[in-house]
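Quick heads-up: structures coming right below.
Presented sequentially are two complexes of subunit A, the first with subunit B as partner and the second with subunit C.
So, the complex of A and B:
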C-alpha cells in the first residue's frame, strides 16, 4: 500500500500519510480546523460535530477527526455549508449551557467560549429545556459542574487511555446523558486516582481544580515550566502563579516523560509551598548566643536570629569541630529533594571544606 | 534505569514488575504500564507480597512472601534454563561467570522455591515461560527489592535474569530501578555518597583524589566515608560530633525511630536546613530556612538519568533563601576563618565559591563530572533534553545503557543464594511487617501532610491487615490496633484488606503519630547499607 496520499485542503495540496485522519493531516500542515471533542493525546471520538468538513464526492459533511486520509481527497474546511453546520452545533450546545462566562473559572481557557466568539454565537437561537445539575464539590481536588459539560467525552477517554482506570463514563442517553464516576457515584467513591488528566483535557469549566477557584484569570497568571518535586519520574509541570502564590498546576504538553499529564501529587499537592508552617527566619538555640555550652541533651529554647548570626555560628562550630576532632567527626546529609547544583555544593562542602567523605542522603531509605 | 521510560513503556512485550507499587509510587510510569497492557496487549507479571493496584492489570501475580525475592528469581531462572529459554548467543558473546551461576541456579528447583516463596509451582512455570518466550522484557523494581539485608543480592539476581534472557542494551528491555525522590538520581550523580565523587569517581582512587585535590585546592581523603545509616548511630557513639542535614527528616525516614532519636539527642551540634519544622527539628541546634522547589532554579535528574531545568516561579518566602546560596555563604565564611585546621589553596581552578547563579555551579560540574560534561544550561534552555552520560557539548545523551557492550566490558553473572530476612516471625512476634508509602502521601509526609487536599483524602495512618488475621484478633470494621515490634509500638486504625497476605501487615511512615519506622529493623545490607524496611516481626493487638 502507498504510504503517502496527496490531498487538497482549501485549495492547498498537501502530502498526508495513510492511517492519518484528515484532522491530523491538516494539523501537521498548519491548517486550522476547530475541534471540541478531539484532543491530540486521545483517540478520536467524533462526538461534537465541530470539526465537520466538506469532502468532495461525500454525500454529507464529515468529521475531520475520524475521516481517514486517502489519495485525491478534496476538502473544504470553511465552505458556507461547513460554517452553517458548525454554527448549528454550537448553538445547540450553547442552548443548554450556562452563559455565566463573566464568573466562570474557565473564561479565557474555554474552547466552547472561543468557538462561540469565533462563530458569533449569542445563545438566543434555540430556547428549550436547560439542565440544573447540582455542583459536586465533595472531593478535595476537582469541582464537577455538569451544567458546563458538553459531553465531548475527553475526560472519559483520558481516564481510560491516559490513566487507565476507567473511573468516568457517560450515563443515560440523549438529553439525559451526563458524565458520572464509578457506578454513578462521586469521584472519591470510584476508582479515580485524582490524577487530574480529565481536568487537563476538559475543554470547558465542567471539571476544574478546586484550588484555583476565584484565584485568577488565565491572563493574570504567570506561567512557569518546571519539574515536579515529588517522585523520581521527572514530570514537567507548569506552575500558574499570581501574587507569589501557586494558583493552578498543569502538565507540560511536550514534556519528554509525562506529555502533559501528572499524578495527584504533582497537580494538586503543591500547596505545601505556602503552608503556615514554613520556616521564614533562621533560629538558633539560646545557649549558642550565650556560653556556647549545651546542657547535656537539653538543647534549650529557640531564638530567632538574623542570617549573619546564624551563619556565623554554623561556620564557627563546623570549623571548631573539624579542628578539634578531625575532619571525619562531621557528617553531612545532602538531599534528594534539592537540585544537582546544591548537591554538588554539599559534596564540595564535605570534601573540600571539611575534608571528609562522610556524605550521604536518603537514597537508602 | 538502564533504559528510558519511553522505550520501556512503548516497546516492552513483557513487564516484570517486582517490589514496585508503580501506580502509587511512580504514578505516571504506572499509567504508562496500564496503557501498554490495555492498548497494545503487553503482558504484565507482578511479583509482590501485596495485591497492589497494578495486579488488576496483570496476567500473573506472583504473591511471594516478603524477603524471598532471591529464591523467587533463582527459581524462575532455574525453569528458564531447564527449558532452554535462555539467550545463548547473548550469554556467549557478552557475559562471563555463566557456569558458576548455572551451578547455583540448579539448586533452586520449583518444589523448593515454591515452598520458600509460597508461590505455586504452576505459576512459577507460567511466569518463566512468558519471560523465556517473549522478548523484550523490561524488569522494573523499586525499594521492595533493595530494602532487605540481601537487597544487593536481589538486584544481582534481576541483572542475572535480564542477561540470561538477553534483555540488556535493547529498547523495551533493561534493568530499571525506579528512583524514589525527585532528585535522588542527581544527588547520587553529584557525589552525595560516601564512596564516590561526582559522576561516580571512586574516593579510593588515587587518580580521582589527585584530580579533585588539584581542582579544589585541598587534600582529599581516600577513605570511604560513612553512610547515613552509619553516621547517625556514630553520633551516639561519639564518633560523629556535628551533623549538617540538608532537607532530610531522619526521624521519619530512618529505621528504628527510637534509636535515631537517641543518636540525634546525643549529637553535639546539628544544623538543619529545611523548609518546615520537621520531626527532626527538635534535635537541631540551628535551623536555616531553605526554600521549596518553586522558589529556586537549578536542575533535577530523574530516574531515567534525564537532566531537566527547574525554574524559579516564586520569590522565597519571608527571609528564607535558596539552599545553594546558604551553602555558598557557609563555605565562604569557613574559608574566611583563619584556622590552622585545613589549608585550602584558593588559587586552584575550582577552589573558590563565587557562585551568583546555579548555572555557574553547573559549569564547574561540567568540568569535573565526565558524564555531565555536555549538560549546559544553554542547551537545556533551548529545549534540548538528554540523559547522561552527555560526554560533550555536541553529545546527544544516552537513552539506553550497555548497548553492544557493558560499561565493564563483559556482563558478569553474580550467582547469589537466598538468605532469609534478619528478623522472622516467632511466637512472640508472629506477623511480618512490611512498610512503604501510599498514593496520596510522600515519604515522611513532610510535604503531603501540609497539602490540604492530600491530607483530606488520606487523613490518618492505616495498618493493612488480612481478614484471616483480623478475625483471629477479633477485629471488626474500623478498629484501632496496636502494632509492636522489639523496638517500639504504634497505634493506628486497621484496614482489613486482602491487599496483604495472611500473616502479614503493612504500614506507612507518613504520619508521626504512628510511623512504621518506630517498628522497623535497622539490620543493614552489608554492601549497600540499606536497612531491611520490608521485613520485620511484629505482634498486633486490638485496642479497646
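So, the complex of A and C:
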C-alpha cells in the first residue's frame, strides 16, 4: 500500500501513494479542493459532489474524496466544467434551504455558508419546492432542524462509526429523503446516547446544541482549549465562552486522544460549572479550626478556608490515624475524574506514605 | 433422484428426458420422432397470461381431458411466458403446433373435441393479422414470431419450467458438464471473451473481460450476483426468462462461478415477481437434487451455492452497487466506483455482477462456440436483443431479435405497426433512463453503440412506441417523474436536480413556461449528467434531452404559443362544442363527471372551461362529433 504513484494535479506533478484518495494526495501537497460531505474522521461518502474534479479519460467528473490514486492520473481541480458543477450543486442545496442565515445559530460556523460565499451563490437561481419540516427539540441537548440539513450524512456516519450506536439513518428517497432517528421517532425516543458526535460533524445548523441557542455568534465567543474534567481519558475540548459562561463545547479536532469527539458528559454535562451549589473553595468543619474536638454528635458548620489550611488538616489527620490505629485503618478511594497521573500519585500516597493497600477507584461516573 | 456424478450419466438422463418433448417436435435431438396419437397442450403460465386467468383455462382443460378419458395421451403443461401477452391466455396444441389466442374457460371442451381428437382448427381462436386479416394457425409462422431470433427465449413457452428434465432434454446442464470435465477456468473465460458477449443489463460491458478482472482480483472468497431486479416499468424480459426457463440462468451462473473461482452466487430478484421467485426456488432445489449445485458438482472438485435474495422494489437497487448494499442488508444506495464490484463487491470481496440474460446465454455459447454466437447480430454487438414492446403498437409483447435489426423492422414487421391507422411519432428505448427517437431515426440499427449514437440507449430493454396523439413534453415528463421519484436521494445533483428539472417541465406543460426554460433544461441536464453519483442521476435527463433535441418545436409551442400541438397538456387545451354539429342529445352532459356541461334538450350545449377537468369523456360519448379540443 505504500507504493508510490506519480499524478498530476493542475499541471503540478506530485508523488502520491496507492491507497490514498485524490483528495488526500492533494491535501498533502497543499492543493485545496473544497469538500462538504467529507470529514477527516469519517469514511468518505461521495454524496455532496462539491469535491468533483476532472480526471482525464474518465467519462464524467469524479469526486476527489473517493477516487483512488493510481499511476499517471491527470487531474484538474478548477476547470470551468468543475466550477460549473460545484456551483450547480450549491445552487441546488441553497434552493432547498431556509436562507435565514441572519438568525441561524450556525452563521459563521457553517460550511455551506462558506462555500456559497466562495462560489458566489445567492439563492435565486432555482425557485422550487422547499421542505417545511417541523423542528425536533424533544430532548434536552440537541435541536434537529431538518430544513437546514443538506443530507451530507456526516451525522449518520459519525453515529455509526464513532459512537457505534447507529441511531441515525436516511428515510425515504429522492427529494423526500431526510435523516431520521431510530425507527423514525424523535431523537429523544431513539437509541441516541446524546454523545453529540453528530453535532460535532454537522456542517450546517441542522444539529445544534440546545444550550447555545441565542447566546452568541462564533466571533463573539472566546475559545478556550482545555481538557474535559470528567474522566481519565483526557479528551481535549474547546469551550466557547461568553461573559465567562460556557455557551458551547466542541471536541478539538486534531487532539490525539479523541480526534474531536467526546461523550455526552464532556459535551453537554457542563451545567455544574455555573451551578449555584458548586463548591469552588475548600471548606472544613468549624471545630477543626478551633479546639479540634467535636461537640458530641454534632459536627458543626462548614467554613471556607484556603487550600493550605485545608490540606494541612487533612495530612495531619492522616498521619494521626496511621500512627494511632495502624496503616490499614485508612482507605483511599480515588476518582475516574482524575487523570491517570493523579491516580498514580494517589496510589503512591496510599501504599508508600500511609502504607496500606486499601486503595480503589470509582471506575465510573 | 440421486446426484448426477458425471457428464456421461447426464447425457443418459438427457436421452431419456428427450421423450418428454417428443410431441413438441422441438428436442435438440433430431433422432426422436414425433410420437403418434399423443398430444401436449401448452398453456402460458407467464404473469400476463396468469393475470388473464390462464390457470383457470388449464383447470378446465385438465377436467375436460379427463372427462373424455384422454389423460394417458394428452398432457397439459403450464409454461413460462410466450411473449405474445396482448393475446393471452395463449394455448398451443402440439404436435400440430396450433396457437389459440385469448382462450376462455368455456373454450376447453371445443379444444379437446375439435382440435385434439378431430385434428380440426378452431377458426375463431386462431391468430388473425389485424392489418391483412390473414389467419395464422401455426405458432411459429405468425409474423410476431416469424421475425424473431430466440436465443435467450429459446425455451420460454416451450418447456415446463418446473421440470428440470425438460430443460435437460433441451441440452440443459450439458454445457456445465462439459466445462467441469474438459475445460480450465481460463478456457471458459476465453470463449466468453471471443464470443463478444456484452452484458444485457444496459451498459453493454464486455462480459468476458468483467469475468477476467474478477478472476484476477486477488482477494477471496469471490462472489457472483445475478441482477434480476428489473425495475424498469414495463420491462419484463428477465421475469419471463426466470418464469419460463430458470435453469438456463442457474446453469450460466454455475459456469461463471467456475470460471471466476467464486464460492457462492446470489440471485437478486424483486419481490414483485412472486411467480419468478417461486420458479427460481423450485429450479434451485432441483439443481441441488441433481448435484448441479452444492459440493463437488457433477463429481468434480468444484463446489458452488446459489442463494436467492428478494429486493423490496426500488428501481435504484438494479444499479449494481446499490444492489450489493441491499444484498448485504443495508439501504439500497449506490456508492462511487471505483472500486468496481469486480475488485470490491459483496462484503468488499471481488464480485461479478451480470444480468439475467447475460448468464442465460452462457450455456449456449459454451455448447455451440464463440463463432456460433458471433454469427448473430453485428460485429460489436453479437447475438440478440430482447425487448418488451409496448405502447401504441399492434403486437404488444416480448420479442427477441438479432442485433442490427432496424427499429422500423421491429415496429412494422414484428410489431405490426401503429393501431387505428395513426402515424408513428417516436419510440423510446432504454426505459426511463433512455431516450426517444423520431421517424427520421427509424432505420437506426438496434445495437448498443448505434442507439447511443442516435441519442437513445439500449438500456435494459423497454421499447415504447407512441403515435401522433402523444405530447412529447408530457411523455418526457412521465419518465422524469418516475426517475426523480426513484432517486435514492444520496447525491445532490440527482436528489434536488431531478426535482428542479421536473418543476421546469411541469411549468411548461401547464402553460407557465418561460422563454429561458429551454436553456434551464439544458443547464440542469448537463450538470446532472456530469455530477451525479450513479447512472440513475446521470441518465435521468436522457428522455428530456432526447425529446428536446428531436421535438424542440413542440416545446416552443408550449412556451411561446401556450399550445400543446398534440392536444394533451390539460393546462393548454379547452373542450368546445361545435354548434353546427350539436343535436342537444344531452349525452355529454349526463356523462361529464365534473358537471361542466350545460344545455337544454335539443339545444346547443356549452362546456364551461373553468369547471371542465379535461378528462375527454364527452368526446368519447358524443355520437355526432360535436366536441373538439383546441
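Assume the second predicted complex is superposed on the first by the 275 of 365 C-alpha atoms of A that agree within 3 Å, B and C clash if a C-alpha of one lies under 4 Å from a C-alpha of the other, contacts with A are read in each partner's own complex, and residues count from 1 in each chain.
Simple rule for what comes next: contacts are C-beta pairs under 8 Å (C-beta built on N, C-alpha and C of every residue); 3 or more make two chains touch, one makes a residue touch a chain.
Small disclaimer: the values here were computed from a predicted structure and weren't measured.
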Which of subunit B and subunit C A:132 touches, first, second, both or neither: neither
Contacts of A:264 with subunit B and subunit C, given as first, second, both or neither: first
Superposed model, subunit A: greater residue contact from subunit B or subunit C: B
Contacts of A:170 with subunit B and subunit C, given as first, second, both or neither: second
Which superposed partner A:48 touches (first subunit B, second subunit C, both, neither): second
Subunit B versus subunit C as contact partner of A:67, first or second or both or neither: second
First (subunit B), second (subunit C), both or neither touched by A:88: second
First (subunit B), second (subunit C), both or neither touched by A:103: neither
Which of subunit B and subunit C A:151 touches, first, second, both or neither: second
Touching residues on subunit A, where the partner in the complex is subunit C: 45-49, 52, 60-63, 66-68, 81, 84-85, 88-89, 92-93, 95-96, 126, 128-129, 150-151, 153, 169-170, 172-177
Of all residues in subunit A, those that touch subunit B in their complex: 139-141, 160-165, 188, 193-195, 210-211, 222, 224-236, 239, 241, 244-246, 256-258, 261-266, 268-275, 277-285, 288, 294, 297, 299, 302, 307, 310-319, 321-325, 327-365
Residues of subunit C touching subunit A in the complex: 314, 316, 331, 333, 335-336, 338-339, 484-500, 503, 523-524, 527, 529-533, 538
